[in-house]
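By written order: A, B, C and D. Residues from 1 in each chain.
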Amino acid sequence: MTEDDEVTAGSGASREERRRDPSRVLALTDGVFAIIITLLVLDIHVPELMAHETLGTAISDVRPSFISFVIAFIVAAMQWVGHRDLFTLIRYIDRGIIWLNLLTLFAVCLLPFGSALLSRYYEDPLALRVFGLILMGTAVARTAIWAYATRRPSLIHEPLDRASIRSGLALSVFPVAVYIIAFVIAGVSPRASLAVYASGPVLYFIAITLLHLVAPRGSAERQFT
Amino acid sequence: MTEDDEVTAGSGASREERRRDPSRVLALTDGVFAIIITLLVLDIHVPELMAHETLGTAISDVRPSFISFVIAFIVAAMQWVGHRDLFTLIRYIDRGIIWLNLLTLFAVCLLPFGSALLSRYYEDPLALRVFGLILMGTAVARTAIWAYATRRPSLIHEPLDRASIRSGLALSVFPVAVYIIAFVIAGVSPRASLAVYASGPVLYFIAITLLHLVAPRGSAERQFT
Amino acid sequence: MTEDDEVTAGSGASREERRRDPSRVLALTDGVFAIIITLLVLDIHVPELMAHETLGTAISDVRPSFISFVIAFIVAAMQWVGHRDLFTLIRYIDRGIIWLNLLTLFAVCLLPFGSALLSRYYEDPLALRVFGLILMGTAVARTAIWAYATRRPSLIHEPLDRASIRSGLALSVFPVAVYIIAFVIAGVSPRASLAVYASGPVLYFIAITLLHLVAPRGSAERQFT
Amino acid sequence: MTEDDEVTAGSGASREERRRDPSRVLALTDGVFAIIITLLVLDIHVPELMAHETLGTAISDVRPSFISFVIAFIVAAMQWVGHRDLFTLIRYIDRGIIWLNLLTLFAVCLLPFGSALLSRYYEDPLALRVFGLILMGTAVARTAIWAYATRRPSLIHEPLDRASIRSGLALSVFPVAVYIIAFVIAGVSPRASLAVYASGPVLYFIAITLLHLVAPRGSAERQFT
């Protein structure tokens, strides 16, 4: 906890409150996610029919665009749900959280490019690695916000016990580890790498569901969606 | 009602409240609808004049783009009004509603593609069916949220009586049935299929107005816009 | 005032309150305006330099795109300020206001197309008329909301006296009249028509400033920005 | 302070409150920033592979697009953080602040074009100057809002002492001076000009950090992020 985080007395206190209010950070974040979620639809162009071509064969050309939209949608939706979970813990923000959150948004903004690349070159190690780096960026930024906020009791709603902090950290670090594996094996077997990325959402749902069952009532882990 | 929905005691209670607060879900949803509503305007390009061409003849080329914008706007506007109606009932959200709502947004995101396809190939059964599938997606997701929320008293503002739940369900299922009919007859008569889609908004307005007149004061059905 | 506008008793009352809450209408509207304001920047492409061409001559090619961005920005900004003024009066919304507001958004969405058309073909009567029709659409929708809301005391914060209703109506109808003039004379003299459009914002500022000086303290007219 | 800024009595007072409420101004602003931050990702196209080309060499073609995205992201993020800081001081808005804020948004909207131009022609004085003019626009608009608001006690939360007003003004004017230097030397040495732009964010962070250390507790300068 730095000196800054203490609330100063008198009229300064409410000034501090306003400075530390997360509402505009959330408004910007929700706006960026709304755009990222819809952005790749722009890439799904209506096909122009050539002579002797049916709409059926022409429409199959938009398949890569459609797949990249689906990938970006699922990943962005999961990131957004994770972001929402994270910020139900955070009461106040400071300079550190604002910039770590902007770092998250930077990685999220690259998702459409990453998934468009992946949908077209899913057998190329480079495409798999670029996609992996972007996902790692979002996961690292999330881990950083979790570690930063949970160590500063003045920023969060209720103090978390050590077990909750650790299992939350594990849940944030876990995807990073998965993405590193996918990144490394991309050079050896692109298909195995792709399978690891694809299993990411599935594993996350399982991990979350296990936490819901195992964690004691009212603990922070129970809050993850 | 699952175990999760119960509010736990002490500081955990307010943690639950924050986790179940729908505000960010609505912010994301309104952002996505705002983008979908405006997205197709990007397709209405200003025509480049050829030699001996007047702006009048050149501008008629943007007609399909304009029509697809109008279709997407009307459908998205109706979906948004319906979403707003639905969420005036919902006080708290949980994991199920969040993901069902993301499913709604997924279908809504595809509306611009569907209406662009329809405006260019309105006599092709495939275009009519893709458009129908997207509309069905939005209607099914809405029905699912209605069924899910109305069965969980802890999620809604006031308990609904059985008649209200049933008429709300009917109002959600009704469009699904209409779209299935349009989907099926597209192969036989594209024009009839198109006519069914076009009559959708008209029928919805009539159904809503009837409900307003018939339903008792203060009942949930009176709330639909 | 229709039967619907009455607030029903008991738990129905708060249900009514939520149904009539304007917050999501404003969220959608602000989202659409934010997109419209930024949309035309996408049209200002960075020029590709040809051989023997300097950036200076190449950059002058983006002038029409830049001008259409400026036009759309100013018009959309004025519409947004007017919308904000209007909704400081409105406390509750109903079905009528929701759909009239969606009508406003429909016209606002067409602004980028209208100004792009105008910036390229500002001497063509058709371009001037399309632009005029879009502006008329926004002005007519605004007038309709004003007339609709001010006649329903249950929808507005404080009852307005007749003089305020009438001067507010005049302020909304005034642009419609200006645009009709510009529309009509476009066939005779495109330059005069263009001049009328250009004078629109100037006239509006003068009208608003006069109202601020003339209107009694605390009256509704004093609220316009 | 103009006559308008006084709050009138009775029901007029709350009408004034609503007219002066900054919430929709912030909603529009956050929406515009969210779009600007994500807009340039649209320019990072997935490369089409030619015969005998690897994805590695093809992907290096998107470097200028990527760099312009990074530039626009950093600059827009800093502008947004600065805007948020500024509006933690402002309690009420009036006509002046609304239009000065729209002026800020106008300059912010041009950021994607400016950084796309810079990333492609970073050795051309004209590109450097266009970029500089856009940055100056944002800085001048911010300075104007600061000067306007701090002179009107009725618009801000707590009255600021003269030292705070002056150091806040200096912090706003400082970037303007930096950008003027970069603008002027662009004709002599494009590289030096580029270096000055690049050092802008670094200098700003240092200035902010110094203010945090030097300024007394609870003073306005301590609030900058």
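The criterion applied here is as follows: a contact is a pair of C-beta atoms (placed from the backbone, for glycine too) under 8 Å apart; a residue touches a chain by one contact, two chains touch by 3 or more.
Please read these numbers as outputs of a predicted model, since none were measured by experiment.
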Touching chain B and chain D alike are A, C
Interface residue identity across copies chain A, chain D - same or different by half | different
Rotation in the CA alignment of chain C with chain D, degrees, nearest 5 | 90
Between chain B and chain C, the Cα-mean centres are separated in Å by 26
Centre to centre, by mean C-alpha position, how many angstrom separate chain A and chain C?
-> 37
Numbers and ranges of chain C residues touching at least 2 other chains | 27, 31, 34-35, 42
Under the touch definition given earlier, write down the residues of chain D that touch chain C in their complex.
-> 4, 8-16, 18-19, 21, 24, 27-28, 31-32, 34-36, 39, 42, 95, 98-99, 102, 105-106, 109-110, 112-113, 116-117, 120-121, 124, 126-127, 130
Could you please specify the touching residues of chain D with respect to chain A in the complex?
-> 26-27, 30-31, 33-35, 37-38, 41-42, 44, 46, 55-56, 59, 69, 73, 77, 80-81, 84-85, 88-89, 157-158, 212, 217-220, 222-223, 225
